[in-house]
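Per-chain numbering from 1; labels A, B, C and D assigned in written order.
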Amino acid sequence: MKNSGAKAKTIKNGLPFIGLISVIVILEIASGGQLLTSRNISTLVNEVFVLMIGASAMVFLMAQGNLDLSMMANLAVSCVLAVKAAQVNPLLAIPVGIGVGTGIGAVNGVINAKCKIDSFITTIGMSFVLTGLVTILLDNQGSIAGPMEMLSWNSTELRIVVLACVAAVGYILFEYSKLGKYCKAIGSCEEAARQSGVNVDKVKIITFMITGGISGLLAFFSILRTGTATSSVATNTMFNILIAVLLGGVSITGGSTSKFRAAILGSFTMAFLAVGMTICNVDTTIQQLIRGAILIGIVYLTYDRRGIAIIK
Amino acid sequence: MRRNILIRIGYILIIPLLLMAIFTLASTGFSFASSYIVLSQTMLPLVMAFGVSFTFVVGIFEMSVGAQVILSAVVGGILCRYLGFPGLVIGAVGTGLLCGAAMGAVYRFLKIPTMVISLGMLMLFEVIAQALTKGSGYVSLESEISSMGTPPYNFVIAGIAGVLFYIIFHKTKFGHGIRALGCNDYVAVNLGLNNNKLKFKTYLIGGMFYGIAGILSICYAGSISAKMDLGSLSMMFPPIISVLIGLQLKNIVNVFPVTILIGAYSVTVLASGMIAVGLPAPMQDFVTGIFMLVVMIISTNSAKLGKLFDRRKLLNRLNKAAE
Amino acid sequence: ARPADGGGQETPAAGSDAAEETDGGASFSVGFLDQSGEAPPVVRMREIIRGVVESAGGELICDTSNEDSAEAQVNACEKLISAGVKGIIMTPMADSILPSIISMCEENGVYLAITFRNIGDEDVAKIVEASEYYAGNCYEDEEMAGYNVMSDAFEKNPDIKQVALIALAVGDNTSDARVAGIQKACAENGAEVVAEVRDIQQASDATEAVQNFVAAYPELDCIAVASCYENSAITALPEAIKGTGLTADDICIVSCDGGSDMTKLFDYGYAISVGGGHLEIDRGATAVMLVNAIQGNPLGTPAHISIPYMYFGSVEDVGDYATYVEGEIPIWTQDEIRENLLISQNSALAPEDVISYIQNYSLDDLRTRHADLAG
Amino acid sequence: MEKKDVILTVNGMDKSFGATKALKNVGIEIYRNEIHGLIGENGSGKSTLSSIIAGMQKCDEGTMEYCGRPYGPANIFEAEKAGIAMVGQEQNTLEDISVAENIFIGKEERFQSGPIVNSGKMNREARTVLDGLGLGKIKAEEQLKHYDFEQRKLVEIARALYDRPELMIVDETSTALSKYGREILYRTINGLRDQNKAVLFISHDIVEIMAVCDRVTILRDGEIVCTLPKEQYDSHTMKQYMVGREIEENYYRTDYENRLTDEVALRAEHINTEVLKDVSLELHYGEILGIGGLTDCGMHELGQVLFGLRRPVAGSVCTGDGTPLKNPSVALKKKIAYISKNRDKEALMLSSTILENICLPSLDKLKKGLLVTPGAEKAFALKYADLLSVKMDRITQNVMYLSGGNKQKVAVAKWLGTDADIYIFDCPTRGIDVGVQSDIYDLLERLRKKKKAILMISEELPEVIGMSDRILILKDGSLTAEIGRSKNTTENTLIHYII
């Protein structure tokens, strides 16, 4: 009895991985072995980079039952200011990018925590503001270029290291630190968390600052890769990050079932799909069909419904 | 009592009146006379907002609003070629209902979070609309039929939708059910409400309103284009803002369709007004965002502000007592 | 000569001749950073590229994940390279992304061709043009187009004083350049751009914009469309204006974008200038440039092809445009491509011949070349 | 005695939740014209049994017979239609809809003409029901959130009563009610009995059970121990039957000494809120300070103010060393613990595990360096869950699935774990069975001996009298009396100040 229960638990815990693995296997076969080649490593790394780092930050918010839809608009603004700073001195791009991002995150946090505005509304509103702001900051130019030398700082190795660090730090923070546990507690029952001495507002603001700071970090890496800041706001990437976390099995209501691995599994699944389907030259309309079906299918198979009385 | 109601009505009209006053003063062309046009523009987001409010109130995350409206309009437009206006109505509303039923069925049988359903189904709906418009990318109507999207017909259609909405939301067992479920679904289910059935119906009825919105949308301009790559997402923002404002105002006057109308109207006035004062596009985004945040902050915290006021009064009284 | 095999070898001269067209399977592939959706112009642009590539025995791989941001474009290029393409066609969102892309291309022996753009940034241009894998670019003078179309409107109606603008979101180079041209023409003619609406997604947005313009500026004379994602939105303008109770005598429409459905604009009557028609030729020419380069016959080192803008001023023009550009007949038939555009297929061709054949493109050119096909 | 008329028979009922066997071969008979008591330890299956009868869930095995016919409701509405209604122990009301809508939830069709629900008629009907219960103060069309905990419970009673049930089940409701509410409840159930109907009454208060019930059935670990008629009532044996072992009769404090130190732990000065009027008090280390009063006298609010959850309009709260308590996290740092009366919404995270609930306020203590290891958490949670003998499958079980009393134990356990110096307990023994209640009193006494400061807010006067060094009485927001510990204090002394 006990044994079979334990077995069922391992299977349930393994399921999310099975989703990712089957996506990889199917694409590997469909592409005739072209997916997992050494040349593709860097492609995959670049595809997964924004997704996974963004998702790693987002999962903290989603554990609280919040989300940040202004991350990419934040990235665009941070990017513009970082490029302007880099024109003075390329090294300034890092502190300015992350600083601006964190600052915007703090504004989100204060509006959400102190003014009690739902995070969805807060960050949609902010992304309107920021989208306007980018173009205003760019003075109606489409883009501004950063110093050319920054392009040479970019390397796949650096990205792999950063990815690994973010994953490791994120995992430890989420599963083993006070911050992660507080986030889950807030998602589970905010009032009970407050009455257990959790400074709910502070935790929320800090988490928004983290997603903001991460946007700033991503802005810096975007400059390394593109050498430029443009007025475009990557709305699709924003929603892909959200989809990645959902695909990994985190529910938007958050709470104690949230797992950090969702960020990693979900973003890798998305990245493998993106790269694999291009390699297989799948028609773009069909690609979207497959994405939609996979999102629903994988979540159906792997969603952890234990302890959730009513699914939201 | 009667006076009280008049004051309340005045209170909920503050936002649109204030916006109109500002824009009338700030621009040459915009005036209170423009309100008829603005009202006509409001009908589409309004009917979408009717659909959104059900999902919103019951606690479902719904992002496929735009995709459902587009798909309904596309199917309606195609059927219209064969059956005329009735074809449009049957096609659009039928498709809306089907979309809703599909989402409801996914919720009921696959038991996955509503956010996942909305994003996954959004992608599928976009693909279907895309496939149906293959060739031209859009569906257009003959101009006699598309005149149904202009006043006074659009007022009639939206009016019917509004009455329907009022009855369903305020006056039916279903409306009572979803409001109960929205408060606390765990307790509501404990009290015997059937969560799955109610959520299924919520999706279904939402879909019906998106179908009606589909009619307005294709008639309004005579054509509708399919969107891919989550391109339909942005259509959900005006109705959502409208519902949010509507929900806040509903605490003052408890007639939801009217307060949503005021919300939708405010959003439209803002958009037209900004064009009238010649704001460049980036500034328009900026102001829209700020407006949305400020309205939400003030309305959400007005009770708290009121309390602060009471607190001051109480303090004064205490001080006096101390003296 | 036969279509060449561009795969496997990495020197620019790779297999300039020979190599059988393998049984159904393509011998090389070309990647294209496409727009998403199936709007007719998007499809035609995609199909003309496909026509050129397939005439040369290749296969086209499209990527639509690139519209989001500059970074997404770089990622898209990388993905296409992973998919084994031999050449990439793209419209860069910003010049500065080109150095990273060209270096990826060099590492993997992939050619790059730019469509719709010039490289404006001199530093970037220096780096990119130094690369043997840069095939070249095709471009139009968009500012001039905006200027010409608007000036034409002033010629027909010198009384235009207030202009309202419809354009893409700020940051889109084409649209921005045309806006600049329109504004220049307005300034020269004493008119003013009083209002703008950008990023129109649906016909209904256009209708709404017109209503707002008219409500705010009763004196409005002209609505100028610099660019729009949806032709259906442009064609909705006349109805929208009529809906406000005004007529063509009150407000004219000027559009730099257009297609055959613009007949509605002409039916509406009054001073209208519509430009368009360059979309297909620009994409096609870029594909020609790229495929030739892949097959070892570069059109230049690198090539720069300026594409003539197509203006049409009458219903007839629009009708012909519908027949020859938007209809069933491609702007270049497979035979024409093999005969006149692919050096590998017709060794008698010199690069200059190819370029002049491309630049010869106009409505008249189409009328003469395809009169029999239109039958 | 004359032969009784059986209204409901339960035969051979089994119910398991995973590995937990909540009911084992349960059989019970309920007569008309009686109030039938049901008692048992926490987790013994009382709520499970009653919720099955009321149609809220289904049994695995077993049959029921109601009014001589087989009975097996598919849902709560079927049960209600048949004439069985239940007032549950958890809060089962919805705050954002009106009182009338709460009363008639799921039964709107009664006011329907065509598809349209006539809300005017519904409000009038609700008005009649409320008036019938003597709840003139509650307005039918007002949203429920404007009413307090007790009034919401009374609305639930109104809901259950509306259909004039033949059998009404009252599960652990009296602990949520003050004296005033209880009187309404007793009047109601006595009325039902007198109309030849039946009541199944669940409570952990033996005295109450003995006073109210005509017969009482005792459950232990999901099995029926026995059913006693009124003549055989004896609190000592009843408790023994429940717990299955000998327990001490006298579980309150037996000493009559005064507080152990004069060191001030917590000081509140001139607190004013919407309810409280100029309340000042000092809590000392080494004492149990009892706060008594009616539910709406402001005593629950006082607890919140003292923990920094609610900012007073005027006045200040600070610890003995003068640190002002701005918010709960300051309070936690200052080693203050607080248990809200509203267990499900404020004291516990229902959808989290027992482990997470117990560890949450103690994470600072548990972390090594920056991190908290799962092993340390588990050991810690197990220790405190065992200390309060929480009846559970495993420590990673969701709190949602615990019985009411066991939830309360988790709430107490989580604060004991923090090793706090000051404890603010609002109704700490609510819904806890007698066995564990005595453990908790024992624990309070030990804490007191360790010179901790304890503030106990409670509606149970015997508990306040039995445990406190000092008692403060609140009435309508003002402190009306301070009573020292003495043998002579009786409930009547306190009631005198309370009303």
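One rule holds for everything that comes next: contacts are C-beta pairs under 8 Å (C-beta built on N, C-alpha and C of every residue); 3 or more make two chains touch, one makes a residue touch a chain.
A quick map from chain label to UniProt name: A, B = Branched-chain amino acid ABC transporter, permease protein; D = Putative sugar ABC transporter, ATP binding protein.
As the structure is a prediction and not an experimental result, all values here were calculated from the model.
Enquirer: Pick out whichever of the two, A-C or A-D, is joined by more C-beta pairs in contact.
Expert: The comparison resolves to A-C.
Enquirer: In terms of CA centroid distance, which chain is the most far removed from chain B?
Expert: D
Enquirer: Approximately how many whole Å separate the CA-defined centres of chain A and chain D?
Expert: 43
Enquirer: When the C-alpha atoms of chain C and chain D are each averaged to a single point, how far apart are the two points in Å?
Expert: Computed from C-alpha means, the inter-chain centre distance equals 73 Å.
Enquirer: Between chain A and chain C, what is the separation of their C-alpha centroids in Å?
Expert: 35
Enquirer: Can you compute the centre-to-centre distance for chain A and chain B, using the mean CA position of each chain? Integer Å is fine.
Expert: 29
Enquirer: Residue numbers in chain B touching 2 or more other chains?
Expert: Within chain B, the residues that touch at least two other chains are 130, 228-229, 280-282.
Enquirer: Where in chain C do residues touch two or more of the other chains?
Expert: Each of 36, 38, 64, 67, 169-170 in chain C touches at least two other chains.
Enquirer: If I apply the definition of touch given earlier, which pairs of chains qualify?
Expert: Result of the pairwise touch check is A-B, A-C, A-D, B-C, B-D.
Enquirer: Taking the complex as given, what residues does chain C use to touch chain A?
Expert: Residues of chain C touching chain A: 29, 34, 36, 38, 59, 61-65, 67-75, 78-84, 93-97, 99-100, 108, 121, 123-124, 127, 169-173, 176.
Enquirer: Going by the contact rule at the top, pick out the chain B residues touching chain D in the complex.
Expert: 167, 170-173, 175-177, 179-180, 182-184, 187-188, 190-193, 311, 314-315, 318
Enquirer: Could you pull out which chain C residues touch chain B in their complex?
Expert: Residues in contact with chain B: 36-40, 42-43, 64, 67, 169-170, 194-199, 201-209, 211-219, 230, 232-233, 235-236, 239-240, 243-244.
Enquirer: Flag every residue of chain D that touches chain B in the complex, lowest number first.
Expert: 55-56, 75-77, 88, 90-97, 101, 105-106, 108-109, 112, 115-117, 119, 272, 313-314
Enquirer: Over in the complex, which chain A residues touch chain C? Could you list them?
Expert: 34, 37, 39-40, 42-43, 46-47, 50, 72, 76, 135, 138, 140-143, 145-146, 148, 151, 154, 222, 225-228, 230-237, 274-275, 278-279, 281, 284-285, 287
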